[in-house]
Each structure stands twice: as C-alpha cells, then as structure tokens.
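For clarity, chains are labelled A, B and C in written order, and residue numbers in each chain start from 1.
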Amino acid sequence: MEHFISLNDIKAPEQLLKKALNYQQHPLADHSLGKHKTLGLLFFNSSLRTRLSMQKAAANLGLNCLVLNVEKDSWQLEFEDGVIMNANKAEHIKEAAAVISQYCDLLGIRAFAQLDSKEKDYAETIINAFKTYASIPIINMESATLHPLQSLADWMTIEDNKPIHRPKIVLSWAPHPRALPQAVANSFLEWGQVMDADIVVTHPKGYELSEQFATNYTIEYDQTKALKDADFVYVKNWSSFKAYGQVLNTSSEWTIDAKKMAITNKGKFMHCLPIRRNVVATDAVLDAPTALCIQQAHNRVPAAQAVLAELLVQQEKQSNASAYNL
Amino acid sequence: MEHFISLNDIKAPEQLLKKALNYQQHPLADHSLGKHKTLGLLFFNSSLRTRLSMQKAAANLGLNCLVLNVEKDSWQLEFEDGVIMNANKAEHIKEAAAVISQYCDLLGIRAFAQLDSKEKDYAETIINAFKTYASIPIINMESATLHPLQSLADWMTIEDNKPIHRPKIVLSWAPHPRALPQAVANSFLEWGQVMDADIVVTHPKGYELSEQFATNYTIEYDQTKALKDADFVYVKNWSSFKAYGQVLNTSSEWTIDAKKMAITNKGKFMHCLPIRRNVVATDAVLDAPTALCIQQAHNRVPAAQAVLAELLVQQEKQSNASAYNL
Amino acid sequence: MEHFISLNDIKAPEQLLKKALNYQQHPLADHSLGKHKTLGLLFFNSSLRTRLSMQKAAANLGLNCLVLNVEKDSWQLEFEDGVIMNANKAEHIKEAAAVISQYCDLLGIRAFAQLDSKEKDYAETIINAFKTYASIPIINMESATLHPLQSLADWMTIEDNKPIHRPKIVLSWAPHPRALPQAVANSFLEWGQVMDADIVVTHPKGYELSEQFATNYTIEYDQTKALKDADFVYVKNWSSFKAYGQVLNTSSEWTIDAKKMAITNKGKFMHCLPIRRNVVATDAVLDAPTALCIQQAHNRVPAAQAVLAELLVQQEKQSNASAYNL
C-alpha cells in the first residue's frame, strides 16, 4: 500500500480489516511504531470524528501530529496548472505539497466535493494533486468522491455485529436540508465489492449513484420493499449524481423511523455521523440499542491506526530496500 | 470527584488546594500519571490562559491533548431534545458527546453564558448536556455560571499571600464596555463558602449576584466603605443578574485606582484577566507590586494539574474496582 | 543569544549556520534537549512553512509545543501604553506577554507589517512589546521588518549550492498583485552583511529598501544587467519603502522567466515561498532543476532547530549560573 485513497490502493482489504480489529482490542500494541515520525493532517473542511480519531490513532502509534486548517491557518491553494496566479490564491499545490512532504512522513487530506462540477469532483482534483506533487503516502480523510477510513470503520462494525448467515445490507438514502457529497455512499459500496454481503440500495429516482465504484448491488426504489429482512440499514443522504449536486427530494417519507426498522430482520441501524435527528432518522431509531453509530465512530480510531501502521511498515520496507540497493 | 463542574463535585476542597500548591512547587512530580491517556479540550469561546494552562498541565502529567474549536473546526451542535434538525446545526450533543467520550479519557468544556436567557444560562444547558451524554469526567473550563479552575487558582494565590489574621477580601464590581457573564464572581464566592475569610461584595445597585452559589458575604453598596481594611481586592465586571445580561452602569467612578487601593490594608489587587486597563483598573494599580494577576495566571497551571490528576486517580480506582468485581 | 529577533542578537552567525547544517544531516542529534520544556508559537498572521517547520523542529528536540492563532483563538491585544481600553481590544500586551512567559520556556511570534505606517512597522511595535514584557527568549517568526529564520534557511541553501568562487547573488524585485512587506528582503540583506558574497539588488525606481539593515550591495535598476553572471537569483516582491506600503509597479517585465535565467552563470533560482506562479516567476523557472525553493523550505526545519537549541543551551547556562550565585 503506497497511498490510502481508494480500495484500489489496498492489496488485501480483508487483512487490513483484521489488523484494524486487532487494534480495536489492543490499541497500544504498536505504541512505538511511529516514533520520531510525523503525520500531517490538512483540513479544507470541517471535521470532528476524523480530526480527533486520526490524532488519537497517531498517539497510539507514537506518531507526532501536525494539524493544519489549510485556508484558515495558511494560504489559499491553486490547483490548476499554468495559471497566472494574480487573484486570491497565494500558493500553488506544487510547492505546498512538496514542502509539506519534507516536514511529514505521512499526510492526511480532507477535501470535500464542492458539488459545482461533476467533472472536477470526480476527477478528484485536490487529493490527486497531493498524490502527484507530494512525495509521501497520502491518506484520504474524505475526498470529493470517497471516504475509505469511514468505510473501513463501517465494515469493522458490520463484522462485529453480523449474523451467522450472509447478511443483507440496505443502503438507504434519507432526506437532508443541504446538498451533501456522495463520498460515504460511494466508498461503502466500493468496499461492498470485496465483502461478504447482499447489498440493496434504495433511494428516490434520480439519486442513482455513479457506477464507477460498484455495480454488484440491487437498486430498489421502494424503500419498504428494500428494508424487508435487512440485517443492517445504512442510512445516508447524498445529493444527486445525475443532476449533479442537486437536492431533488426532501420528503420526510424517506426518514427512517421505528416502523420502518420493524420491517427489517431485527436490523441494526448505521450512519457515519453527524446525523440530523428527526430528519434523516428519528430519535426513537437513534436511541434504540440497535443503533450502531457510536460503535462506528469508535472504530474510526483502530481503522485509522491500521492504515497508518500499514503505511509506516511499507515505508520502512522501502527504505530498507533502497538501503540494500546502495 | 467524578466531574469538576462546581464546588459540589469536590469532597475535600482544602486537599485539592493543597495538591495544587504542591504541583506549583513540583510541576513534574507526576510526569507519567497521564501516560497513554487523552485529554480533550472543547472551546465554544475564546481563551488564552485556560487554553494554554490546560495544555501545559496536561504536558506536565504526560497526558496527550486534543484541542477543538468546536464551531470553527467541527460542526454546530444542537442541545435541545426532540428537535427536527433541519436548520444550521449539523450534529446533536447526544452523538458528539458519546463519540468524543470514546476518543478521550477526560474532557474540558468552555461554553460561556450567552446572556440572552437567565433560565438557559443558569440551567447550564451546554456543560450539563456533556455531563449527561458523555461517559467520561467533564472539566469546567468556564461554563455559563461558573469558572472553578479560575477560583482554585485565585484561592491558591490568596493562600500564598495571606496575612496572619483572617483576611478581609473585597469583591468589587468594576465598569466594562461589554456585557460579561457572572461566572468568575459566582465561582469565587462559591469557593469563599469553604475558605477562611471575611468577604464583602461591593457593586452598584442592580448588580446583586445570584444567591445560588453563596450567601455568606456582606453587600456594601458604597465602594469606599467596602475597601476599608481590605487585605485583598478582587475586581471584576459582570452584567446584571436581575436585569439579566444588561449593562446598567459604565461609570468610571467604580474603576479601581491607586487612591482607592490606599484605603485598604496594603491590600493586594486581584483580577482573573484579561483586564481592560484604565477601565476596570488603572495602569498604576496594575503595574504596582501589590497586583497579583500574573501570579493568579501562573497558578492556573498547577490548579488545572491538580484537577486532572485527581480525576485520573479516581478513574484508575474505579477501573480497578470494576476489575475486582468481575 | 538572548533572543532571536535580528542578526544583532547572534554573536557568531557562522557558527549558527554550521549548527543548522549539522541538524540538516542529524535531525535527531539532540532529541532530548527540550525535554519537559515548552515552546509557544503565537500567530497574528497566516503561516504554512513557519508553522509546520517550527513544530517539526520542536519535535526533533523533544520540546512540547503550544500553538495559538492569537486573534482567532484568544483575544485582540492592545499594544499602546496608557490607553483607556474601552474599544475592541480585550487584553493588553503587558498581561498577555507576562502570562505566556509563565507557561512557556521559549516564544515564537509572527506579526507581519501592516503597511499603514512606516514608523509603526519599523519601530517593530509588536515583537518589541513581547521582548519588553515577556521574560523568556523571543523568536522572530517574521516581524514587521525582518524574517531571520527564513534568512538562515536561505543562507544554508546558498552554502549547500555555492560555486568555488565568491558567489554573485542578485536579489531581484518581482511583481505581485498585493502589497507585501519588506521583511524577507531586509533580512536576507542583513545576513548578507556577514556572508561571503557579492550582492546586487535590482528593482524599479522607487523600490529602494531601507538602509537600516544593510548597505554593502550595489543597486542596479536594469534587471538584465544585474542578472549577468549571477550564481544565485533571489526573487521577491516587496511594496515600496519610500512611498510606504504602496504598489508602484505591476509590470510583468520584471517577472523572472527562462530567458532571464539564461543571462546568469547557470544561476540557481531562490524564493522564500509562497510564490505566485507566472507572476513572480514562470512555471519553466520554478519547475527547472535550478530552482532551490523546495530546498530552502526544507532548511527551515534545521534552521529553526539550531535557533531553538541555541536558546535552550543559553537558558540552561544562565539557570546554572544563577544557581551558583545563590
């Protein structure tokens, strides 16, 4: 694993999951692995879980951590090539990424979709620019289209709570007052490609997700039908991919409530948080013992830790390999 | 001590004071007590002393520290129950507190009074919500009505500077251009309940404080009379409690100057800082050797350290106790 | 060395340079020197390199680091004496500096020129106020008129890349859409006073720098003539010193391009970053192997580390000396 941007970066997803589950039980197992190494965390957007869980994971590995709110603490960055930089952007990603690579051993980037242009967002302009111009491993802390640290924590949570049979997992769209990115849903389904589960996606027409990340799931436009016999209900809002970035529906008919959960096979409720109570799901659902959101958030630390550890070990191997080549 | 929110949480205030005075002399006495433990610090408001002294105290105990400017770095939080969250607040305290509890072992909260509603502020909506929904000890870094870390540092400073006789301490209101909370005054008087001192409070009519925290003091509306024979003059502005949050008086007649200090018994001047020079007190008063403000600020580190250490030790005991119960 | 504000604070600049070059090769040589000591970093302005390189240097020395965005995290500071503080500034530098001195062992300050008043900026109001009212060593992280951490890194880079002969170094002004301080240019020339180099400064008329810091250089208003035989071309925009803070020229004729670099003696290109591509210099210049900007940024860590280490060692000596005097 050279970077951690999408599932494609991971040779053995099952092993990474196992590693994360091991850190869940033994958080201090490798408390010196990161000694004298530095993790940089760059935030272009708000963050609670990702910000804190990455720092906690770093501390568990003995890594030094540098946190930067890019545009508040530092300079606005230019990502386009060949531009005459005479407007409001003071620094080009070429310099910023090269410089930060010298101060850090690993680099996490959070840069949400801007939902203006499908092309720009799905080209992953920002995280790919860091990948291109940085010389250290890049960790996706939610990019325009993917949020793999969340997915790893999500699938850990499913592993911890799964029934004996192959589980049925329903990913249900839910309403939200603002237009949100598709990253969490994309990433969850991408991981679904390699996990042992039957996946059904349910949403109003017009909310079909990109086929770029996964196709091995059934779409069922009738939420009630979809929920039948579900072992897990992963709920999430996203804006339209087709009518890019638009909110086509805000109907509370899609809100997950106790009645809907009753249709499932004693299904567990999942959400990545933050969640709008009584919009995305009702208080009754969120306060029930079947809600796994807090467990999912808990698993963000061991998930991050597994990724950081894996990248550190790879880096060590490469560094030894190049030493032998001298 | 399960939390550190008000004096009521402390079984033996005198012992906590003693512990703090010990850290004042031996800051590194317990430099490994917090090893592999994490302190979260959540700021809803500005902070200089609290922010830095908490981090310094954590470092002295070997605690890892995660600092979050809640609304700038993360999401706006909803504190009301049962709300349909379709406005500007993205996350409910129920989730936020539960999640952060999993990443941290101790949690400091700064959330000032908003001075809109006496009911809301004096119900301590924010810090009590954290107490309710978090599963770890909560530390008050100035809530709507109290600032006990300041008070502990204040009473340490009095201990270090007190005369042989039982001291007379005057808490004097002073003018200020903005409406300020009553927290520092409330908390100082609450601690006064258990300390050995005669306390006189002086302020213009209409500025009477809540009787919720202390009543064992004399109110003297004539500042000159009040100051007579004072050993300590604690100066602080607060907005009206009765005409809640209002500024009823901005008269510089209440400003503390050298003439007024001359009425005292070679009295020491105290203030929690930040202080508006030549509004609350004159340069001459602040630059005199009798001003203790910088000592008070110095004592914020050992005060915080005593509280953190006490909570860590309690946590250890409880964790051992539950281990034996298995 | 008691502070690190200007070259005047450094008894032996050559030795400091040597020390920095040693840390460049052996970053962990003194990894326990700062144990149980605290570095405070106060930012009044944006920062990428300074912010991260200082934290990295601190980590390399085992120093604890407290970072504060002064006006965002804390209170607006008053720097004038005798003011009645009834406007928007909540705390006076006298208190702030004295308080922070108690929490930290070393203190870095970033406070840019405001370019409103030459008198105020060149009096170094802010950093000098910290020097006056703090009781710990002050480190200049770019003040109104100087940026010596940058200069130390710059001259390390020159040392690493210099020809056998005494180098010719050209400091060339370049256009920029905004009015920028003169600090980097002033500081580079101040260091030039003690380094072994022929220095030529080239800029449009009206952009003459203050003679306060250096005079041992030639001014050549013809950029082409200036560049002839240059071994290094240090490029930087600054606003006018004479017509203080004004932008007198934005002509792209002063932009450094490949043609201009071809006039030099295979000259190396230098810039402190952030740089406006295709305004200050073209992509071709910045992407050529002769560009040293990324090396300069790399050297910010060992430069900062040398300064921090030097101040720590001095502090230790003084502390021992006062112990013997008891």
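For the reader, a short list of remarks on this structure follows.
By definition in this document, a residue touches a chain if its C-beta (ideal position, glycine included) is under 8 Å from a C-beta of that chain, and two chains touch if they have at least 3 such contacts.
Small disclaimer: the values here were computed from a predicted structure and weren't measured.
Under half of the residue numbers at the chain A-chain B interface are used by both copies of the sequence. Overlaying the C-alpha trace of chain B on that of chain C calls for a turn of 120°, given as a multiple of 5.
Between the Cα centres of chain A and chain B there is a gap of 39 Å.
For chain C, residues touching at least two other chains, in rising order: 72. For chain B in complex with chain A, the residues that touch the partner chain are 36, 38, 40, 64, 66, 68, 72-75, 78, 81-87, 90-92, 94-96, 98-100, 102-104. Residues of chain A touching chain B in their complex: 28, 31, 43, 46-49, 51-53, 55-56, 59, 69, 72, 177, 273-279, 283, 286-287, 293-294, 297-298, 301.
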